[in-house]
Amino acid sequence: MKRIAILTSGGDAPGMNAAVRAVTRKAIYEGMEVYGINYGYAGLVVGDIRRLDIPDVGDIIQRGGTRLFSARYPEFATEEGQLKGIEQLKKFGIEGLVVIGGDGSYHGAMALTKRGFPAIGIPGTIDNDIPGTDFTIGFDTAINTVLESIDRIRDTATSHVRTFVIEVMGRNAGDIALWAGVAGGADDIIIPEHEFDMESVANKIRDGRDRGKKHCLIVLAEGVMGAEEFAEQLSEYGNFHTRVSVLGHIVRGGSPTARDRVLASKFGGYAVDLLKEGKGGLCVGLLDNKLVAADIVDTLENKKHNPDLSLYQLNQALSF
Amino acid sequence: MKRIAILTSGGDAPGMNAAVRAVTRKAIYEGMEVYGINYGYAGLVVGDIRRLDIPDVGDIIQRGGTRLFSARYPEFATEEGQLKGIEQLKKFGIEGLVVIGGDGSYHGAMALTKRGFPAIGIPGTIDNDIPGTDFTIGFDTAINTVLESIDRIRDTATSHVRTFVIEVMGRNAGDIALWAGVAGGADDIIIPEHEFDMESVANKIRDGRDRGKKHCLIVLAEGVMGAEEFAEQLSEYGNFHTRVSVLGHIVRGGSPTARDRVLASKFGGYAVDLLKEGKGGLCVGLLDNKLVAADIVDTLENKKHNPDLSLYQLNQALSF
Amino acid sequence: MKRIAILTSGGDAPGMNAAVRAVTRKAIYEGMEVYGINYGYAGLVVGDIRRLDIPDVGDIIQRGGTRLFSARYPEFATEEGQLKGIEQLKKFGIEGLVVIGGDGSYHGAMALTKRGFPAIGIPGTIDNDIPGTDFTIGFDTAINTVLESIDRIRDTATSHVRTFVIEVMGRNAGDIALWAGVAGGADDIIIPEHEFDMESVANKIRDGRDRGKKHCLIVLAEGVMGAEEFAEQLSEYGNFHTRVSVLGHIVRGGSPTARDRVLASKFGGYAVDLLKEGKGGLCVGLLDNKLVAADIVDTLENKKHNPDLSLYQLNQALSF
Amino acid sequence: MKRIAILTSGGDAPGMNAAVRAVTRKAIYEGMEVYGINYGYAGLVVGDIRRLDIPDVGDIIQRGGTRLFSARYPEFATEEGQLKGIEQLKKFGIEGLVVIGGDGSYHGAMALTKRGFPAIGIPGTIDNDIPGTDFTIGFDTAINTVLESIDRIRDTATSHVRTFVIEVMGRNAGDIALWAGVAGGADDIIIPEHEFDMESVANKIRDGRDRGKKHCLIVLAEGVMGAEEFAEQLSEYGNFHTRVSVLGHIVRGGSPTARDRVLASKFGGYAVDLLKEGKGGLCVGLLDNKLVAADIVDTLENKKHNPDLSLYQLNQALSF
């Protein structure tokens, strides 16, 4: 393979740029040419494609967001969209594609693969909800950003003896809530993957108060319900001086952590290794701390991401 | 004066602890004894008062929130509350009081002063809306926290070519929006102190888009309206792919900036100087970069805080 | 086991407090009593021991350093020291000990174990150089702190077109240099575990310059040589406008990252599980993303920590 | 004036980019054209000059360093250098120049002014040592960066009961040491502008120790002496378990604080206002919180920067 392309798709995640840099530099190191596709699949279909050289990926390893831009593009689910995309790739003489993104992005890569165009998926999303990997690019940065906010809110909660319900991203996956909750010393963590009982939550807050605890922090994944609704339901069990904080888009950007940049660099380098060997139809991942590649069709159709529920049990024991 | 007390009141602000430390250490340095009152005026009335010595204020200069805790206590507006408070102070042999807080806290200090008990007000609130000072303790930290979020949101806005309406604290004062808006390179800043025209806002966004600008950031003080409502009104003038972010309580806590710690230390030291000279009924401030003290009654009744509107004009010129 | 104790030893590492909190809360949750030993083995020998209850570990999960203090205490290598330590533990009715620290701390735990007192080691050091675990508590925070400095130095290096040699901690282990180097986009990483050739380093810098690269960053583990010496040797191959930065103690403290707090919580909880089952003489670790416990004697005597040298190869390919 | 240019010179400082952005946008807003000169006076002399338009200053307000690059260029002190510079400016039809930098940069601007070319100086240096302004661009960021390091070092100093001597930048000016020292709760601050007595320093440390204080932090401006030398002199008065930390280049870069970005925006906008009115030979500043412009020749020849020594007295009273 002499010429490959790269795109980012779906919600931006810190570390995407580090991955783009790694793919570009590794490919050039291996004697290949690299093209960047702007705006994900939307740019692919219209041919918004440009050559990437070393200076193009200079000074971006530390930057949040994606310099290749991103866009939601449901039209790529159609046969027409996919064929147009492949046509563009062929027009530029591109033989392989690296896709960085989440679930939707993987589906695009799978579709291209099924049509005979070699694509490699790199998991990039703050939600950590991609099958085939323990960690996605962006997750580590996101939980640290959430954690900074939790630490700040703890100051106020302690100063005013209040309960805070902190809503974090995670429509289907509780990973952000779990990790940030354990790291933040949350009194309770509410996630889609585990049932909860509002009365027990209320009792736990009361017990803490009785013991002289100043603050109470509950970390809630948005997929369960909104923070306002949670606070309202909680208020039926007592007055806990509850306040609500919704951490939305501020958690998405920012300079990536060391862990995310290293992960992105590893994934990017590995994706190039695979394409160089002529392999496509794969998604890379980190499983049990080892770099792996799995069939993208099989991964999407048969695998499921599971959060580390041992963290849930641990938190129950640490925050009784 | 041989024995003074200190309390924090109203919403917590980063730097309150640095001020408590400064008052305590300066007073001990001057040969006085210091007492800390927990939970603001609520604690004063019930006598939740304890001796503060040097170790009690160790390792707190860098911490957000207030180690003396705070509480809203409207009952202190009554004669009964005030007399009870003075009774408690006399019981402990306390001759002067330092109050750190916002507008409401100042009113308590004014009431005590009018009843003959010497109180000194130190402006501590993230909102910067206290008369008699250009800057309050906590404001500098708050604008930097807002700025971090704006910088993160810019990553996402640029990656996805979106408009963001970022709602920040400031019910009556646009200071946070103004400073963070200028510092964040906001395309528009909407504050209570200046009228705005939604059509012009829309035109400005359109002009930026036409020029190839990827992101558009609008910083909105909550006192004008909510971000959701703003986005809805804006949508009547076109589709700007608008997203909304409400920065609420995360802006309140956190380790204070250098500027806030220095300001808190100056105010705290100065308040002790004044009490040592037997002066009360004053509020300290920083006006034109100079440490000042003014009559608290006059300040509250006749002065008004004015935001630096030159920043508004400047931003108009820089973000056309 | 009804009563256990905990100490921190060796250089402080961010997350030690989170581990102390986890041990304390988990043990109380399991119905045990917990004692904290101040100043590591030095405090153990003199009996500087106090009961820890839930409020004692409140508000420390986010704090750097160790609230149990630490000290170097070579005397604990002697029989006399060890016997005195065991005597103190018995005096307090303590049946098991958790030791958080690095290599030296593990040797103390091994000695106690050999003398029949059950001790569990938790790896806590920024250097990541402990056998039996892929990651130690504090390492993730340290590499992120180094990374912040690298990012800042890149601003200056780019502005002035300079080469920087950045010396980081790591007397025997190159882990910090490797991870921070890859994450920081270092042009070269110099570690004790891999030979290097000064002429090649010089050539690489020259190649970058010829290509128009503004900055050049070399991350150097202190174990290889000092940054000043490195810069001097480099200067024999050309004038690269080299500056030197030694990141010393600033990398040691600071609020722990999410990853370090979660790791500390897991290790702490697991250590209590082991002691509860009457097990001692073990050290806990994270191997291949799984929580493990291994014989501490065997680990110290037969195992070796190996840095992830694939990162070295990766960086060669990404920074040519 | 229809066409102006801008350059940055001397050591880079956070906020320089925000100033370049402000000058560029304000000038375009006022109907002028703007040119950027790379590498300061060195680039001026060789004509490394390019047109700046709005997109050229996009996404730089938050970035450290200077996108116009900088260089030391002593040759600009010669008549030949200055005449060549003016020739280049005339070749491009440039009628006015904005210079952002420190003392040396101001001298260049003064020289151009004396030769009849209108130049405006904007104070940009982390050292805060420019006459004619209370604050320079970059100072606020620098003291916050130093403060972060002090906070981290405090963790280690407390954990190990140690004394730290922290050397900060400031060859002639103690401003960084003063502000960061007060904000960091330093036990002592050693600056060029105030004599000190080593025995008193030692006594203060001893007093703190006797009182049970865990850590002792001494902030030292490099202009007085090096930290190693200081520690050695101190050791003649007792063993204080002293460690040394030299904060060098890590303090120079980094994303500017809100305060620095606002200051840079104000200065940039104001400089354009002055040039628009045909005024040159001035330097802008913030004195007593007011934007001012003064004769650059008079300022350089007759004014002197004075640090806020009230901070020194304050710290003596707060850290006894």
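Note that the chains take the letters A, B, C and D in the order they are written out, and that residue 1 is the start of every chain.
As a convention for this text, contacts are C-beta pairs under 8 Å (C-beta built on N, C-alpha and C of every residue); 3 or more make two chains touch, one makes a residue touch a chain.
Since we're looking at a predicted model, the values are computed, not measured.
Counting only chains that touch, the fewest steps needed to get from chain B to chain D is 1. Of all chains, D has its CA centroid at the greatest distance from the CA centroid of chain A. Centroids of chain B and chain C (each the mean of its C-alpha atoms) stand 39 Å apart. In terms of their C-alpha centroids, the spacing between chain A and chain B amounts to 35 Å. A separation of 28 Å divides the Cα centre of chain A from that of chain C.
Taken residue by residue, chain A touches two or more other chains at 151, 154, 158, whereas all remaining positions touch fewer. The chain pairs satisfying the stated touch condition come to A-B, A-C, B-D, C-D. Listed in rising order, the residues of chain C touching chain D in the complex are 8, 11-12, 14, 63-66, 69-71, 145, 148-149, 151-156, 158-161, 164, 214, 243-254. The part of chain A that touches chain C in the complex is made up of residues 18, 21-22, 25-26, 29-30, 54-55, 58-59, 61-62, 134, 140, 143-144, 146-147, 151, 154, 158, 179-180, 182-185, 211-213, 255, 257-259, 261-262, 265-266, 269, 287-291, 310-311, 314, 317-320.
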